[in-house]
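Here come two complexes built around chain A, the first alongside chain B, the second alongside chain C.
For the complex of A and B:
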């Protein structure tokens, strides 16, 4: 087998290389300076430079669908959009991490290194055109995340969360790998286009392939936190340091959904033999929405509440995935999913960011009590949080409204009316818990004396930026949606 | 540009208010709201009442992929509702001069944001734009009740929000379905209400599961909750009792109209066949609402709750008039919307004024108030006359037209609705008797009734209401002529309603 890589291959993966160089530089400096932790701001700047360069490379490679390294990686619209989303949330998460009490001040360099490498893993998943590469990407970001969670200054929950995530994550990876092995056994290739081409035929005729395909989907459903593979999410989201939760809840879901989209683009859902599984998936989505919303309703801890709500959001976005998979106007579904990934990432990162800003120490687990009367003390933070929560609820004219609008439109167009109705029922339930923090901030008197908070200008700025984005992109939903539609048009 | 200015000026004013010094907030809010009202009066010059078309139209692309546009326009149906909203705002600002003491700036911001969203709701001619304004109006009202409300405000607030949001989300699904239907039938996606009117929506009689019936109910649910129709009214008394006076006034006078306006703009013209076969249900619920609201109002010990339940009763008339499907019913319904805005708005203000001084709303605590507060008593009586539809007042014209229309099409329901007129007189007059006449009550004995009467500021607030009550009662054509051709068009073209753009 002849292996020949051209320059263009390296240019295409340059974003990952840029991130890698940026992640190594501060670490190298630290080692060369006798393992003395350097200025954390400088570390952050290295990371920013890496991210900006990566974004620049991505933007300059925009346009034609290409593949690199003999087709192992593919650079199409989906990769492009998701890459930008991942880079954005990485920058956001690093900004928060520097300001966070849960980050060990002596280990920020290592945290940056791991975060950026997790981002590289995520990018690998988005670009992957081969199941093995996908798997490597998933493992890369998962392993980085396990360590990052465990590195928290908080001593109890984070260790439990890291361990739980590690065990369950490995379990899911194993299931996925098992599925991949069946697929390899039947198709004789792990190359995604081969697989997608063969899948409609094989799904109808070959049970082993069917099993493999289902197991593969189960593995991804675990990462997206679809019921009944969701149970890790609340514990892990709560235990992880908040900046990292913001990163995990958005980045991991975004790339897993992008991968899911690639799989359903194969028209697998239109195969008659596979319909029972599509039905099961629809039921799982309905249950995901229910479990997420009802679960969130019962939580005291705000992080846990947002974790459950993110499960509910997985349910909404999966409606779009099914709509994209069942043929017909699948563009609507896929465009809706991409838009939702974008809107969800911004809202969720912002909401966790606000919680991070308000955390008085590393062990803090904010509850509604902590938010009481916030509007008087920190009116701008309260306003931003309210906007983000309203957006999560789906109140117009925010980004979240249009996210739901596009998803529900796709569902109705594709005849999945019952899922749309179910999504609406879920949204109504979600009003309860999304508005409770607003009530606490604006309509209740402060009960506790809030501790003096560390001054975190960068975090404030980032959160404000995300809040602004939620409103601005809501008012200007069309260009974003068009970008998403054109991004999926190459695949669907 | 005119309508956009009208809609978004309050938002600009809100920004201005955010910047002025604290002690200037109230005066500048009053000034700006008066200016805005005067500005809205330009409508009298720009609007041509002879035409039944949509006028002063503005059109800009928003989300073209789904045919969603920024599309506003005014016709005879929305004309008065817009003016009602702008008319009430300065009065509400002035009326709350004393009663709102905390977070004054934020309060006025909420009032102005609310004004933008209500005006947007009445003027939007694109279904999604309408939905956006319809939903956004919840947020300022949510804060008005939640921040400045009574002791059980959080419960009432959540109930209010959930009820309205639940209804409107199903409407969103229905709007999406209609948008796709425009694509199927005309080739291009459009969320314009005008294009929705052209749709041929499949209808099968005698079953619930037909497209038109389902869409009809999805829209009806949203608006029936907002109106509120029996049995979806339970959020209203809670919200009203807990809301601060200005919140109650706007809620009753303007926000409830969004529901009836929605019926007029969406439900009746878009789903004629479903409306035809289900009108009995709405007539029945309307009549039940009229009588039930009146009966419950009768036994309320709390004056504000009494007014709240009277709203349920009054809005029942509007629904009755709308579903009578004739010129009298429709005209009466539109007129009754305005009447209710004026009279119930004034009643809530009056209840608020006396509450500020006595800190009780229990009817049992009052008695003999007429002696110590003569001016207040006169004002209250005049508004009560309007509310119970005494001839010469505006209430009479509205209820008379509605009953006339109902008798013409459905005599049984008309007969039952007349009962409501009697009951209305009973509960209001009985309450007036207990509050203003008879032996001196607890409040008067304790406070010796000093300073209970209304002052100059309150007189300024109430005078416009009283003038309107008699003006609308004596010269209804001054008002009805402005919407006549639109309402005629609405009634005559039932089943194939069209709203054309101004040439």
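For the complex of A and C:
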């Protein structure tokens, strides 16, 4: 068989190549200079150059819908949107990581290398058109993240978190791979279009395929942290260094959801034999929202609170995924999911960023007490945090409100009224724990003397930028939503 | 249902059944045991069960893709074992034992 690649294939994967070159350069310089850690700012600049070049290539290919490397990778609207989101959160996470106390300053080069390679893995998942490519991408970013978490300065928590993440992540990958093997056995290929074409028929007739498909979905649900598979998320998000939490909570979820969208694009959920599973999925979503909100309600640690809230958010966004998979006007659901991924990534990265700025030392675990009276000492930080938290709650002029609005309205249009109502109830519960920090910042006296925080201009600037983005995209939600809709229209 | 034929001719179903058993053993090892090394072995067992089922399907259908996937899975399993053992060493250094019963800092 003749295998030929054209230049355009390489142009299409150029973002990943650019990131890879940018990730190797600082490491190579470090090795050539006798293993001396170089200026971390220079390392950061290399990474930025890689990310900007990658974003440039992505933007230059905007609107092209084609596949590369014999159909192993596909470049369509979902790929482009999610690629840009992943690049944004990578840049944000690297900026935070340089300033953070919990990442080892002697190993920032390695951290950059691993972060950029995790981003490459995420891009691979987003582009993948073949289940085995998806799997390789998932493993690439997961392995990078395990090492990144364990590399932190903090001694015990991060090792524990890294190992928990490793075991549960590998467990989920193995389950997913087992599902892929059944799919391969019944369809005869792992090529995603073949699978999607065959799935409505096979789901109804072939039990082995059904089992494989369900195992595959379980594997993804692990990554998204849907209810029975959510228990790793709070532990890992709390134990990891805050900049990495911002990266994991956004990037991993964004790409897993993008992959989920590709799977439901076949409208496999409309097959009658699969309805019991769709019902189960709906119940799991309802429980995810409940567990996330009630869990967040009980937490003292702010990081853990945000971790539980991210579980609740994966519940909301999964409503959109179901709405996108059950036929009818599924495009609305898919557009809502893309918009939600975008808004969730910005809000969550920003909220973890504020916590990162306020952390006084390596193993700090901020609680509500630490935020008291912040508005008097650092009015701008307090304002940004309030905006981000209000956006996470879903209060109107912000991005988070429109994310929820588009998802819930798509759900109602698709007849999933009870899920939409449940989502609104969950949001109402979430008001309490999201606004508690805001009240503490503005209305209470500071209890403890806060240590002097080192000035970290880049992190401040990034957090302010994310806060501004939340407001600006919230005010201009309609054009953004239209862009998302047109991006998913190529697939749905 | 059960006849001598089931035992005399080893076919696809036997391999799938075996891979299912191996996979379950791996899952049990990961979920039940507290020793880090045993958990890692459980993960490897799960991945190898997947390999077996890939090979069996591939042999059955005469389609070579399955063999290629096994190479991918083997590579990834090796990388996973490398990272896992590195984590085990890091855990040993901090906790002085490769056992997860000391994992009590993150909960709630």
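The rule is short, and it goes like this: the second predicted complex is superposed on the first by the 492 of 492 C-alpha atoms of A that agree within 3 Å, B and C clash if a C-alpha of one lies under 4 Å from a C-alpha of the other, contacts with A are read in each partner's own complex, and residues count from 1 in each chain.
By our rule, a contact is a pair of C-beta atoms (placed from the backbone, for glycine too) under 8 Å apart; a residue touches a chain by one contact, two chains touch by 3 or more.
Predicted model only: the values in this text are computed from it and were never measured.
When both complexes are overlaid on chain A, the residue A:424 reaches chain B alone and has no touch with chain C.
Look at A:182: by the touch rule set out above, it reaches chain C but stays clear of chain B. Of the two partner chains placed by superposition, only chain B is touched by A:413; chain C is not. Set side by side, chain B and chain C differ in how many residues of chain A they touch, and the one touching more is C. When the shared chain is aligned, chain C comes close enough to touch A:150, but chain B does not.
Contacts of A:170 after superposition: chain C is touched, whereas chain B is not reached.
On chain A, the surface touched by chain B in one complex and the surface touched by chain C in the other have no residue in common.
Of all the residues in chain A, the ones that touch chain C in their complex are 132, 135-136, 139, 143, 146-147, 150, 155-157, 159-164, 166-167, 170-171, 174-175, 177-178, 180-182, 184-185, 188-190, 234-235, 238-239, 298-299, 304. Per the touch definition, chain B reaches chain A in the complex via residues 61-66, 128, 131-132, 135-136, 138-139, 142-143, 146-147, 153-154, 157-158, 161-162, 165-166, 169-170, 172-173, 176-177, 179-180. Against chain B, in their complex, chain A makes its touches with residues 390, 395-397, 401-402, 405, 408-409, 412-413, 417, 420-421, 424, 427-428, 431-432, 435, 439, 442-444, 477-478, 481-482, 485.
Of all the residues in chain C, the ones that touch chain A in their complex are 16, 23, 26-27, 30, 36, 39, 43, 46-47, 49-50, 53-54, 56-58, 60-61, 63, 65-66, 69, 72-73, 76, 79-80, 83-84, 86-87, 90-91, 94-95, 100, 103, 105-108.
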